[in-house]
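Input: a single structure, listed below in structure tokens.
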Amino acid sequence: MWSFSNIANSIHEWLSNNFNPTWTIIIEMVIAGVAVISLFALLGLVLVIMERKVSAWMQIRLGPNRVGPKGMFQSLADTLKLLVKEGLTPGGADKFLFNLAPFIAMIVAMLLMAPIAFAKDFQLWDLNIGVLFVSAVSSIMVISILMAGWASNNKYSLMGAMRSGAQIVSYELSAGLSILAVVVMTGSLQVSEIIESQRNGWWIFKGHLPMLIAFVTFIIAVTAETNRAPFDLAEAESELTAGFHTEYSGMKFALFFLAEYVNVFIVCAIGATLFLGGWMPFHIGKWEGFNHVMDYIPSSIWFFGKTFFLIFLIMWFRWTFPRLRIDQLLNLEWKYLLPISMINLLIVTAMAILGWHF
Amino acid sequence: MGASSLIVLIIAAIAFSGIAILVSKLVLKPTTNKQKGEPYECGIPTQGKTWTQLNVGYYLFALIFLIFDVELVFLFPWAVVAKGMGWIALVEIVIFFFILFMGFLYAHKKGALKWM
Amino acid sequence: MFIKKYIQEIWGAVKSLLKGMRRTGYYFTHHKEIITQQYPDNRETLNLPERFKGEVVMPHDENNEHRCTGCQACELACPNGTIKVIFKNELNAEGKKKKAIDKLVYHLELCTMCNLCIEACPSDAIKMAQTFEHSVFDRNELTKILNNPGSKIMDGVE
Amino acid sequence: MEGFGEVLKMYRKTEIINDSKAPPAEGFGEADMIINVGPQHPATHGVLHLVITLNGETIKNVEPHLGYIHRSIEKMCESLSYRQFIYVTSRMDYLSAHINNHACALCVEQGLQVEIPPRAQVIRVLMDELTRIASHELWLGAMAMDLGAFTPFFHAFRERESINDIMEETCGARLTMNYMVPGGVMHDLHPSFQQRVKDFMQLYKSKVHEYDEMLTGNIIFQNRMKNVGVLSAEDAISYGCTGPTARGSGVSCDVRKLYPYEIYNTLEFDEVLETGGDSFSRYMVRVREMQQSIRIIEQLIDNIPEGDFQTKTKAVLKLPKGEFYSRVETARGELGVYIVSEGATTPYRIKFRSPGFSNLSVLNHIAKGSKLGDLVAMMGTLDLVIPDIDR
Amino acid sequence: MTNEELKIKLAEILPTATIEEAAEIGPGWITVNVEPIEWLAFAQQLRKEEALHFNFLFCLTCIDWKTHLTMVYHLRSTIFHHNIVVKAKLDRDKPAIETVSHIWRTAEFHEREVYEMFGVDFLNHPDLRLLILPDGWEGKNPMRKDFEDPVNMIRL
């Protein structure tokens, strides 16, 4: 059957037949790098056009419809525009940090790709602490934002960076706690094992209400962590013009932009992996026929379908809600999400010990 | 691919961003202008230093976060074995959470969670 | 009780948020509600109301005759000095000298489409046109001469 | 056009000097920073320039710097005749252009002692109320956008657009109509006016619950608005606030009720009052005011009397020597037109008491001690239109 | 309170003022002419007096009569809904009058506007700086009748 893992295996076989082991590894690395970069660029293009179309339809507009069929290549045109814009470095800025920040943002976004299972047996690195890796690396994101805000020598940027610092570190907690709920159920931090544990049903269905609460908390927390509206205080365009990337232009801005979207993709992929079974197809109990039909759909489609559903959810939030104020944002975390997810974790633990799940 | 994938990814990220910025640098000739280097503050020259001390309100959150984040790190190994350990794990973590929660309540009562 | 209030608060908040999401979700799925007008494409079907104040024009009939007597009422009525009437002396049929308009200069760039000149005109010589695409590359093109070259005043208009 | 270069030169000169000389506000501390919001800022909707002293996120002082769109309309009007000066006032508060024109026409009519026909009165009131709804719709959308909710903006514009279409059909323009003239209105109503207004009201009524779903009931929106920018009734009076800004604090100041002009005393409508004084009250006042305007339109739309739409006035108007003051309720508050006449064809002095100017002056008072994010909510609910402030 | 009573009351407070009914402005408008020196005390009384309670200064402006300036204050009571217009004649060369910004806070902005447009000096004003005009404009007062616009682009 055609699948990503088959392709990967056949490439590996072909390479190891024709080259010596060192070259095989080097060529494989190059292929992986190119593949990841193309995925990155493709994600940026797709998510931008998706965001624009979603927002347009929610706002009773048509959205971009000039470039390409139904405006499909609009984001390509945008990229081209950003490419020929001058990437300014302001005079008073800390030039080194200023130029370093977009790189950090990109590296963080890229590193998070490692443990994600895009399809069955198709994963860059199935490390045994995959989930911990994700939550650890994703908090480096804040450093790039702080760096950008501080180095810009702009008051708006500084405020935006400070806000996002307080925001991201706060929401890190409830995101981590909701991830832990799944970990407790599974008993493993490895992504492949977490997916495997959902063979007979996704955690969101198996885990009853507590798992649903964990899922909702997770979605809220990652929305905040990726600086998406209604938690986009780091940019808050009506207060701080553009927040931490006020001074960025051209390609440097585009990299931040891309990193943001890829981050959204990654957190949604993690969410889909933890709660919606990753690439596992949708099965209903004993309906053999139905389950077989579901199995025929390739695993990568399942994965991307679930991920894009979550991305759509996050976009839906963005185009519906007003922005929170900074103190309300932190109140939400410290007074609601954190206590709820802590108690929820205890309930989930009790459930796991009692075996009150399917 | 294993741990070497991290190196690949880092190199890929640097290469991608580097090439993108380099291409945009090559495409156009930069022009210099005194106004261009000024920080954007709605078209008004900025007053005073930007790199000043900010109100401490931001940092208290960071401190509390530190406590809770360390707690979170403790929780990860616990979570892996919790199911196998059974009730003792739950009791342990309830005690752990209770102490933590007291600290949280204390911070809340002291007004550390109030935005200043 | 505290916990009950806490949960009620959260439930109320979630409900209010879901309500908003239902509304945007409705519009997301109902594309017939879209109100976008694709402007340059719908130029043919774009019907501006006849009262639309686009620019001042002077209608001429098929004999290249207009109704302007050169009374300067429009020039006086205009708050911005948009209209300038330039005269010439003309011999009429009986060989008498008669004052007639040479040029009626109209500065579109100064015009605010206030309609006062049309109201002031006693002989209905000028009217508002429905054009609205006024952008040009050269600002001088906005200074227009309303009467056609060689045009005459219509008979019977005083 | 030789003056143009000089204007540029002057502009440059004044730009460089700027406000940096302004002394720091009182109690300027070590950790404070001064931040400029505007004139090119997404939240100021125009060219308002606020110099804000911040301590962390807390506002210590807000100082408005005006004049970026000052065109000296008052001075300009001194050289325009009584027919001509009305059109300029459309450019003051461009969102309620009709009502501005109405105030000027009223003042001139008062001086001329002209009675205007009942049909014209009804038309004027209808147009005023439509303008008020359109203005509030725009405000609603823009304010929601300031708070980060983008979608209601487009929903509000859908309704506003249908009002603009009605205006375009009857008055010939969408924003700066110049429809009111001394003695009545410029044209008669368009034949399809009644039907279109009815269609609009149907549209409005079928969509009005959306604001509740998207904004009023939304918990985030409520949190952003409630107890933000609290303005007490005494302060509202002392600062000269009018319109929804003052009515949100419980100050009864609706000119349509207190000093009725045209046919407002025969109409049934409520003066909308809220007692909270915070941003949410001001928001509610405007939302409810739209419904009152719909109510007024409903009363009038089927009862437009037949007759003239304009009293014939002389070609050249001359006001007798004296002083004339007229006031109307615009979408933003009380607009006063004060004409001093020397008996000539042009006014000797005109003063426009614009509502925005007074409403802006309260900003520093209510913004002190609140967060930077709140400033946006306050500015949104004060409904500042910058040309109205600068004139 | 009827207009007659109001007139009597006003005359009681400030006997030196000339009070006239300004019929052309509208019914119920009373014009009070005061001397600039008396204005502050008079204003305080207008605001404080229970029966008058003029708490709403809704318009403040100045008129240049070429020979002198006139400050015009439009006052209203939000309780009794009566209106008065107070006028004070100022010297044109050195116009100065006491500020009322501490009585009616709205006067702060309005007085700044009058200061820059007419050059009237408001004594004891907390923050008498240019408001609308750009910095460095000092000295020329655009709303005065003899002001010539240096870059008058269109002359009608």
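For this structure, a couple of remarks:
Going in written order, the chains are labelled A, B, C, D and E, and every chain counts its residues from 1.
Here, a residue touches a chain if its C-beta (ideal position, glycine included) is under 8 Å from a C-beta of that chain, and two chains touch if they have at least 3 such contacts.
What you see is a predicted model; the values in this text were computed from it and never measured.
Chain nearest the geometric middle of the protein is D, using mean C-alpha positions. Here A-C and A-B are compared, and the pair linked by more C-beta contacts is A-B. Computed from the mean C-alpha positions, the centre of chain C lies at a distance of 41 Å from the centre of chain E. Chain B and chain C have centres, each the mean of its CA atoms, that are 55 Å apart. With centres taken as mean Cα positions, chain D sits 24 Å from chain C. Shown for chain C are the residues in touch with two or more other chains, namely 17, 20, 23-24, 27, 35. Among the residues of chain D, those touching two or more other chains are numbered 18-19, 33, 35, 41, 57, 151, 158, 214, 218, 220, 371. Residue numbers of chain A whose C-beta contacts span two or more other chains: 58-61, 155-156, 163, 241, 319-321, 326-327.
Contacts from chain A toward chain D in the complex involve residues 55, 58-61, 155-156, 159, 163, 229-230, 232-233, 236-241, 319-328. In the complex of the two chains, the chain B residues touching chain A come out as 1-18, 20-21, 23-25, 27-28, 30-31, 36-42, 46, 50-51, 54, 58, 61-62, 64-65, 68-69, 72, 75-76, 79-84, 86-87, 89-90, 93-94, 97, 101, 104, 108, 113-115.
By the touch criterion stated above, chain E contacts chain D in their complex at residues 22, 24-26, 29, 55-59, 61, 63-64, 72, 74, 78, 81, 85, 104-106, 108-110, 113, 129, 131-137, 142-143, 147, 150-153, 156.
Contact residues of chain A toward chain C in the complex are 54, 57-62, 65, 316-317, 319-321, 336, 340. Residues 41-48, 50, 52-58, 115-116 of chain B are the ones that touch chain D when the two sit in their complex.
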